[in-house]
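Scroll down for the structure; my scribbles are underneath it.
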């Protein structure tokens, strides 16, 4: 089921002021939202319309996350997210993320999110046909 | 329809670190969430279970907000929200809020939110029977 | 002091999943963050580096906001923000925003934010020289 | 340096509407903020004023987090956070958290955050004297 895990999708955007905290840097919880943004872009770039999958009754909840913080970003900094699929199973997917300073290429934050496919009642189910066809 | 607008509900909690920004104070968008918290507590205190109303098909979207910022709060500060209903009509409700420093009683932020009652498709509707019975 | 108020800056991005709420649409407080994003982009596009202004000791707190909600956005929707300066005074600036569906051009949310220039202790001050030179 | 790791601090509050997402449940990034709230309360309960420690020049950035999601919370649900110190070293602290349904006692989310003590420039430093004196 797991093919070509090497595809990496890059997303860039600026740090928003609301994402900073009193330490002057991006609040650590924000990176889960950055990861989600990388993941969303990954799906959009592969022509996978998550909203329509949700309408078909699929859910894709997060079951586990891990983040390591090496450095930090400040308001206005540009952020580059590299997103890839680490593991793609019939009932679960693991994404891995690196958050880089696009100027220096330095990796400042990294992490992963693990997801399962469920129906709208939360019962674990097999991946949607459209996801299978992506042959990620 | 509008009776006794003088009931004021007070809610207190601490500023969370994630709510601050690089200026060292609570980010201005956060006060809409504080207002929402005041409003939620107001409903809970009046025995109005908003979740069950949502299940009955009612929605209560915000149609307008206004906020004035006089002072600011920092991480760990205690915040007191005073919430009252300014106007209670058959199809809309306006809440007014004051956010106080509970130590000094000083009002640091104030504002209002206006809401309409709709069905789950977003069509404007009359208030739920349970809301009417509250005689706010 | 107020010249050419007609310059409009457009910013586009996708709705993030974290920005939605249980009604399935973008939470109303999020639009203040969208406005901030429009304002940030406006400054960046005019070559105004807010971070360096902050290092010079200037602050630019929000003193008032107002938002009107006509329609709503969902996860994955593209959002277009139109940002302009409504009033540019020696000690205060008012920005106005329209949030459009970029497909239809329909305006779904609009609002304003009013700001004052202060020093790092919060005392009202005249606009930074660099802001003056922008001749917005 | 590590004494009595068994002290558990319990914090309870309600889920805010803004914390939910389009799946109808609390967004997964929110739990890092809940953890932070548990940690803040832990410190407050031990008489440790983090704000004053920050003014002394100490910072306490997060270097690593992990979260496991077993179940979910909805708007208005009461949330109970159990916070304890897992490891208390001279230059780092690890907190562990369980997020429970206070009605059933069921654990729905768990996780940890690892922190280091630094000065205001981000250089790793020994714990503040006041933290040492807490003998956690």
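Which chain is which? They are A, B, C and D, in the order written, and residues in each are numbered from 1.
The definition used in the following text is that contacts are C-beta pairs under 8 Å (C-beta built on N, C-alpha and C of every residue); 3 or more make two chains touch, one makes a residue touch a chain.
This structure is a prediction, so every number in the text was calculated from the model and none was measured.
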item: Degree value of the rotation bringing subunit C onto subunit D, based on Cα positions, nearest 5; value: 180
item: Centroid comparison with subunit D (C-alpha atoms), farthest chain; value: C
item: Whole-Å gap between the CA centroids of subunit C and subunit D; value: 33
item: Distance between chain centroids, defined by C-alpha means - subunit B, subunit D (Å); value: 27
item: Between subunit B and subunit C, centroid-to-centroid distance (C-alpha), Å; value: 24
item: Residue list for subunit D, restricted to those that touch at least two other chains; value: 17-18, 22, 25, 29, 32-33, 36, 74-75
item: Residue ranges of subunit D touching subunit C (in the complex, touch as defined); value: 17-18, 20-22, 24-25, 27, 29, 74-75
item: Contacting residues of subunit C [partner subunit B, same complex]; value: 22-23, 25, 28-30, 32-33, 36, 54, 59, 61-69, 72
item: Subunit A to subunit C touching residues, read off their complex; value: 13-14, 16-18, 32-33, 36-37, 40-41, 44, 49-51, 74-76
